[in-house]
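Encoded as structure tokens, the structure appears first; notes follow it.
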């Protein structure tokens, strides 16, 4: 990760690689959901990869990130290891949370990834508090919060906007506007022009960009992140995108017509970066080599996850709390 | 109450009278708080009378009103009887809630007053639901919600703005901006230009007026209420005003300097209406006669409240619920 | 819905727990034009487990209202709509998300009638499924029913079968009090017979003896009733006769039925999926101990967030074996 | 704060419960620069009962943060700030308003450490006073402590005297778990001795025998302890010797001390101001009944919203007379 704005092919190729990792991870997650290896809800990030990658490319490990239910891509882009994530999705020992959290609670504190979240918009209030902690600890890091276009209508998010501004906190809100929330077209339940207009009414600078254009995301993030680091206070980026799959793996998404999805496929982010790389000297062979390498890595993580042991059942009772932990003080339940 | 826009002296005198009732009621509430007759929190509306009166003058009994902790003025303006309200403040039998609610829970459903509220901004979400009920029941009534400038920073209010707009509900939000929330200068905790700008970002028409000018409030309300009744969808009025007393009766309000309060006194609403009435043919005698009459009425309600019996203790156990009511089914607590 | 059997005047259909709820919703909406529902994704998706499938087409967008993700307002609007003369059903998806609207439920819905001295009523149903469905972890699996029993003004309902899910939901919609209606997510697919010709409600506050027995009374509710029945069957093999009572409604709970059974068997075991500490089992066990002075025991979830992974999630659950062994210990 | 007495190494001061909290806050903020507080009206007003009076001047606006009226964010920001390495104190004013932030407390604060497999911790204190103060009615008088005992991950503290309000608050601020800290509003003015020279915490999870006795054990907490002591004094006049235990911490509660006492006296009565149905008394009574098989009883508030008017509010309360008569019945 660097603050550089240059589009050297090597840098773009590295971002492209991260996008490939996310895409392959999500495909594998979906397949293994259907194979019965992954339980619960798997919200895939397919089609939205450019946002997480373009934003996180401009962050440092010490910067914090908070996410929502669709957090795999954010986590990988921030530097969480997809192997540990895959183990977590399978609920296996060695997963990011040792199997305690699963897909909706991926976190990697070592790279500032403070957690995906199962409750819409709760990451927003967590973010502003994390930013206050940074100030108190004298750090110049920033906090990035990813929120969906459905999530913007929850009150806590709007409170957090106000909060971030009045304390002039270093928070970047990234609204991933894929135009839908589960089966609901968000336009129909969102009054006014949308989140950018709302942010402006809090005097928070807001910009709307093509979230499927890695270069635009990267460029915008580079500028906005450096402004925030410089003390601009909170800003908001609305990244327009499209959720190429159902809400979660088991959603057939029958509520939209195939033509819409086909049209969206034309604008999906991976192909656009690929084209740029081709134009800038990367050969077809190099590209397919990279794709194969990434696919092989993800396959190996799946393999690892399949073979990994379950966490010992006793782990269910650790990491709850120090004071009044389960089974402490003669407490029992039998 | 009428939808008329004309400023005939009789109509203005009637509004003035209601303002006097509110002022006298609040003075009496404060005195009786210090006399130990009224317990709890008494949030006086002194200095803000023109808002409730100017708004409610343009409402019908069938229109609903929801309020907040500072609800006495709203209730009186909507038609609740100050005698029953005074009894309620004293916790006596015959009070609006038979003593169960007190100052923060004044309600008079017979005139559409759906309740003061002890939780900031909760009236807002109640309002939008009441408006949905009106639509379902085929009524052309509207709902008015009073909210403070401190309350606008709670998420549920912002959710309710969005909600009112997307369903095009007949709701008038009235933000009484007295520039303070308890001891907090709201400007310091409110990002952006304030509530009017925020409402506009939801595409809700919003206007800021001098809330201490009865005529401006009345005129604005007449227009806005008729537009809402005509199907405009939600609108917002921000009425600028000043809280002439402490947050509640027992708040000495030492956080502001006396000069500020003195300056505000010059702009208080009662004197301005009084001046207009004088200019429009009401004699000093008539005015002081009216003041005396109102004062005497309120005094008599205080007298009644002092002499009224306590509610029977058994009333503590009624109106809880039909299914699983206290003491039903052999349940006991002894 | 599938096979339909006519037995005398009855029209028995086999349907799932979720389908039974849909039937009740549809019947009550047909019966009373003031009944309506609001929540996320009700229209196309049909809400959780498709319980509203087709109902928006039938009743229109003003009665099956697709909302933004605004839990506070879903609940708060329901309160307002109830005070203003309608019968809203607030759909919270999961009881976990309903925690975003506790204030509106507890400070407004539960208290409005009382605080206003009976001037208004709040006939609403707040639907919020509880329980473990498998692999949805700490923020999607909780069973907080005990909280709401502690709140004056609220009725708390926990259906356990397709038939009583229909009957209790009908009764809840017709009830003039705010009802917290807690399906169990793990039961949505459970099949059972429902008498469609019978419009009767399942009375609120009335428990059901789902297995008669003499040596021990097990009180349970929601999905845990099925597990208790399994345990009872195991114990029957050892010649131990267990009575199993399904409370169905937690507030008011059927104190008379529980006391009569416990007095007869002389031993009480309460079992629930919710965390044991602070669970509603404490209320029942304490009441019975206080009144009858007989041995009581409770089983409930460990005091841990619900974990994701299979063996960890299993460690949380109260299985039939554990119930049986606790029962044996009581009878030893 | 008033008179100061030097006894040996001790510096005993008489101060109120509220002043003792202020002392603890100040001491802990001096001790650890990562401790900070956020809430409405802390600066000028000094928060509820003036517990922060002067502290903003001393510690600055970044450590005593005056917030907008945004309860969800007060709590949520505290969670974020705790995960990010500080020790926030979230001031909710009243436990009633904290209901606007149940989701942030229960779904985030309580679970983050667990869900993330121990990667982070949430060392925060959520302060939310409970109880009746007189005439502030249904939305300002609740005692929902039982709810939070039911939530894995949370510690629940209910101080009853100036001395333990200081000691427990210090321990809570130093605790690495999220602590729900529930003062009783009615105790703010209560005076008592505090040893200012002693920096020791009052250990979490340890109860205190506030009156020794032989015939009956009364377990209580918060303001109700004082009422229980009154009842015990009444009963002493009749030759009945009552042991009164102040739990001080509800989770974890001091099971050993309660069991030992109850085993010795042979009878247990739990008394709390919170609504009896679903209250934490059920947990304790059930545990004792289950383990010791001795007579148990509970007294708690009626299942009604707290009314405003004097005689109605009085009807809710558990007075010393009622406790004494229940005790007599147990001993008859």
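Miscellaneous remarks
Per-chain residue numbering starts at 1, and chain names A, B, C and D are given in the order in which the chains are listed.
Throughout what follows, a contact is a pair of C-beta atoms (placed from the backbone, for glycine too) under 8 Å apart; a residue touches a chain by one contact, two chains touch by 3 or more.
Computed from a prediction, not measured in an experiment: that's the story for all the values here.
Chain centre most remote from that of chain D: A (centre = mean of CA atoms). By count of C-beta pairs in contact, A-D exceeds the other of the chain pairs B-D and A-D.
Distance from the chain B centre to the chain D centre is 35 Å, each centre being the mean of its Cα atoms. Distance from the chain C centre to the chain D centre is 32 Å, each centre being the mean of its Cα atoms. We define each chain's centre as the mean of its Cα atoms; on that basis chain B and chain C are separated by 40 Å.
In chain D, the residues that touch at least two other chains are 67-68, 70, 72-73, 96-97, 100, 103, 107, 114-115, 137-139, 152-153, 251, 277, 302-305, 307.
Residues of chain A found to touch two or more other chains are 95, 97-101, 105, 117-119, 153-156, 159, 162, 166, 188-190, 320, 324, 326, 331.
The part of chain D that touches chain B in the complex is made up of residues 40-41, 43-45, 66-73, 96-97, 100, 134-140, 276-277, 299-305, 307-316, 322, 325-326.
On chain D, the positions that touch chain C within their shared complex are 96-97, 99-100, 102-103, 106-107, 110-111, 114-115, 137-139, 144, 146-147, 149-153, 251, 274-275, 277-283, 285-287, 289-290, 293, 295-298, 302-305, 307. Of all residues in chain A, only 153-159, 161-162, 165-166, 188-193, 197-198, 200-204 touch chain B in the complex they form.
Those residues of chain A that touch chain C in the shared complex are 39-41, 91-92, 95, 97-102, 104-105, 117-121, 150-151, 153-156, 181-184, 186, 188-190, 254-255, 310-313, 315-317, 320, 324, 326, 331, 333-334. Put simply, chain C touches chain B in their complex at residues 33-34, 36, 38, 62-63, 65, 67-68, 70, 72-73, 75-86, 88, 103-104, 107-108, 112-120, 152-155, 175-178, 204-205, 251-252, 254-256.
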